[in-house]
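Notes for the one structure printed next.
Letters A, B and C mark the chains in the order given here, with residues in each chain numbered from 1 onward.
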Amino acid sequence: MKKYSTPLIDELEKGPWPSFVTEMKKAAKTNEMSNDAVGHLEKCYATKVGYWKHGGIVGVLGYGGGVIGRYSELGDEFPGVAHFHTVRINQPSGFYYTSAAMKEICDIWDKYGSGLTNVHGSTGDLVLLGTKTDALENIFAEYSSRGWDLGGSGSALRTPSCCLGPSRCEWSNYDTLDLCYALTQEFQDEIHRPMFSYKFKIKMSGCACDCVASIARADMSIIGTWKGDIRIDQAEVANYAKKGMDINAEIIGMCPTQCMSYDGKEIKINNAECNRCMHCITKMTKALRPGTERGATICIGSKAPIVVGSLLSWVIVPFIKVEEPYTEVKDLIRKIWEWWDDNAKPRERIGEVIEMKGMRSFLEGIGQEPIPQQIKEPRKDPFMFYTEEDMVGFKAKEAEEKKTGKYKF
Amino acid sequence: MAIPQRKTDIGPPKYDQFLPPAIKKNYGKWKYHEVITPGTMVHVGESGDKLWTVRVASPRLLSTATIREHCDIAEKFCDGFFRYTTRNNVEFMVADESKLEPLKKELTDRGFKMGGIGNAISNVVHTQGWVHCHSACTDASGLVKAMMDELMPYFESKPLPNKVRLAVACCVNMCGAVHCSDIAVVAVHTKVPEIKHELFKNMCELPTVIGSCPTRAISPDPANKSVKINAEKCMYCGNCFTVCPPISIKDADRDGVAILVGGKVNSLRSNPKFSKLVIPYISNEPPRWPKAVAAIKHIVDVYAANARKHERVGEWIDRIGWERFFSLTGIDFTFQSIDDFTFMRDTMRTASTFKW
Amino acid sequence: METAELQDKIFAFCEAAKGKKKLKEKDIIKGVSAELSLEADVVKKAMRGMIDVGRLMYSYGGGASSVEIPSEEYLREKGMIP
């Protein structure tokens, strides 16, 4: 095996944080592809540019995603990375593994690929970095026969992902792991066979802490929340005070809705005015707990800046029950896709299409009523549409008022 | 060995087979948790059961050799169960407190770093960079490694007013919520792309390329059977390169990084926020990007010295004002920090109530 | 219409677009079902059958996915032709 001199990236083996260069070199000891990847990276560091070409047409028969083609411009100089495709393996909900399962994943990858991985990629897949085109069908057969499927790529439903939810968190307002699994199973076709105008991401967080950043990077963000009163254990409140917490400064004073008070003994919460931001609950984990009528808020549209700026997801459905078999959520997803499919141009994310066609078109398309919880503030311009139906409605309301002698605004 | 018969559309294995027994038993019935050290926390169930978690740093790019090491540790202390986090850390969990210290000792002996829980700097969300991406204008992994070497005390032990979430994107495509981080590094191009006209016809669709430009800088070039780019309108986003490979935007001397601050994704106290641009350009300086690293360290230090307890970077800046952020950090304010893309009307100040 | 005949029509539809327009699944389904007055699902099923055996394939380029007629190289790689 060729030995590369790598003075630049060797600098990244120094220092306390674990080194990805060390990882690449570990794999390079026994793997020709990784060895060339090390040399290839050193060259990038020396010249300050990358050499990977655009993704190409690679994949497994019948699927339109799950493998990302990657070729180097420097295939002659570094034959081990001439083909260096990525394979996305759909992760289990919550990123839990057993050593037996993980070792099997490693064994297959050592046999066919570079031995390099990302655990995990940004979307959530377990990413296998670097293999050749002729190994792809074997890789798929080996993994799928052992219960592992590919994730999504291209103009498809991307692999759904979730926070660890009820498995190890007291704040989860629905079963994120189970919903993630159920949606992934329900929409296998949409994951493997790109049929959309562009990518579509679904991320599930159990509470407003949003540990999977769903509000910022999922076309559909399903964020757990509750109705009803925050549960208070006043004895534990006293314990926090005794241990030195300045409850008035750290909790009451930082409550965004000012719906709490503390008299030196007990915390009182005006729950009707609480917006469930989670600040107090996360700081007083032993004393405060979310209410018991649990569900989720569904928000739509977030994405990174390309093409005309980043978006955060918009509140569409303020509260939805999230219970097996999740029919309501699944039906809503289908309606959303149908509207998107009818209205999108190529490479338009749903948030962009909503901006183009208008939120009203979207809400009507999926059968949602307008409600104040959806907005930060009402429109500030007077340029609006009145449909014939709207006018009939306004006039009918006024006619009714004349009859009853009572205004209804 | 024969290749087994493939199966399609089976999806991932069901998660429950990978859950440790203590988690299965207390699933959905956890009562509270406490952070013991930046590397350790304990969850307590309504049943009274306790589960200790140890969080370990990972470079995200892992060899199978290191993953097997994770497996060995899990087998030795955790009945073979373990997990990864959304920020690519590794977590080992024990239900028996007597295993906690031996687990931590073994991790220390093997050179693993524990930390990142609570008011700390956890692992950096990042993209592929030169390691594996075609549109990278820097190396994300290298930047992250250099940053975290410098910020290690904030991962392992040194407390901050609140958590600080860092992210690195190796181009403006920003795979991975970079745009809502306390401190985000985004690699940028700074030059108008060049077009290999002779390849355009065979590799690109004219309407797609024209449509890909957010500033409408691209128009047809019939003489070359290609397109031309209006240099006065181009903001170097590279989206045209994504849809059309013969358009080249890489430039070794001009590609660099920008720094954005003040984003967050949770709704605690205040709503989720985008990160905002404060440093428009720092040259790519592989292998260790000293200026970019120093800038990040400096921003973290100024935040740590000035923010109130529980304030995230963006909340601290909202309280003190951006003019104060620039004066406290000494960062030069530039035209690039004034939005001239889509958000100008929402981001300019419309009152005389600013600070000197 | 027999599936084989429908699949020939789908193939012809893709061939006509070759080198001119990248077809998405949706374009083929909408185009062929309008041309032959067939249910979209029937066309989709027939098209999927062709993809499963390599008569058509999913492709990716320019940031989006499409469906096209496979190259000989692809067919050789999948063991469809010697």
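In this text, contacts are C-beta pairs under 8 Å (C-beta built on N, C-alpha and C of every residue); 3 or more make two chains touch, one makes a residue touch a chain.
Since this is a predicted model, take the numbers as computed values, not measurements.
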More C-beta pairs touching across which pair, B-C or A-C?
A-C
Per-chain Cα centre nearest the global Cα centre, belonging to chain:
A
For the pair subunit A and subunit B, the C-alpha centroid-to-centroid distance in angstrom is 14
Using the average of all C-alpha atoms in each chain as its centre, how far is it in Å between subunit B and subunit C?
39
Using Cα averages as centroids, what's the distance between subunit A and subunit C in whole Å?
31
Hunt down the residues of subunit A that sit against at least two other chains at once, touch-wise.
54-55, 62-63, 137, 346-347
Shared-interface residues of subunit B (touching two or more other chains) are 208, 212, 242-243
In subunit C, what residues contact two or more other chains?
63
For a test of understanding, state which residues of subunit B touch subunit C in their complex under the given definition.
204-205, 208, 212, 242-244
Looking at the complex, which residues from subunit A come into contact with subunit C?
54-57, 59, 61-65, 69, 133-134, 137, 153-156, 193-195, 197-198, 341, 346-347
Touching subunit B in the complex: which residues of subunit A?
8-9, 11-12, 14-24, 26-27, 34, 37, 41, 44-45, 47-50, 52-55, 60, 62-63, 70, 84, 86, 90-103, 105-106, 109-110, 115-120, 122-124, 129-130, 137-138, 140-142, 144-149, 161, 163-164, 166-170, 172, 175, 177-178, 180-181, 184-185, 188-189, 192, 208-217, 249-250, 254-256, 277-279, 282-283, 285-286, 289, 304-310, 312, 345-347
Residues on subunit B engaged by subunit A in the complex (per definition of touch):
3-15, 17-20, 23, 27-28, 30-34, 43, 51, 53, 57-68, 70-72, 74-75, 80-86, 88, 93, 112-113, 125, 127-134, 136-137, 139, 141-142, 144-146, 148-149, 152, 155, 172-180, 208, 211-212, 214, 237, 239, 242-243, 245, 250-253, 255, 265-270, 272, 274, 284, 286-288, 309-310, 341-343
Over in the complex, which subunit C residues touch subunit A? Could you list them?
24-26, 48, 51-52, 54, 57-61, 63-65, 67, 74, 77-79
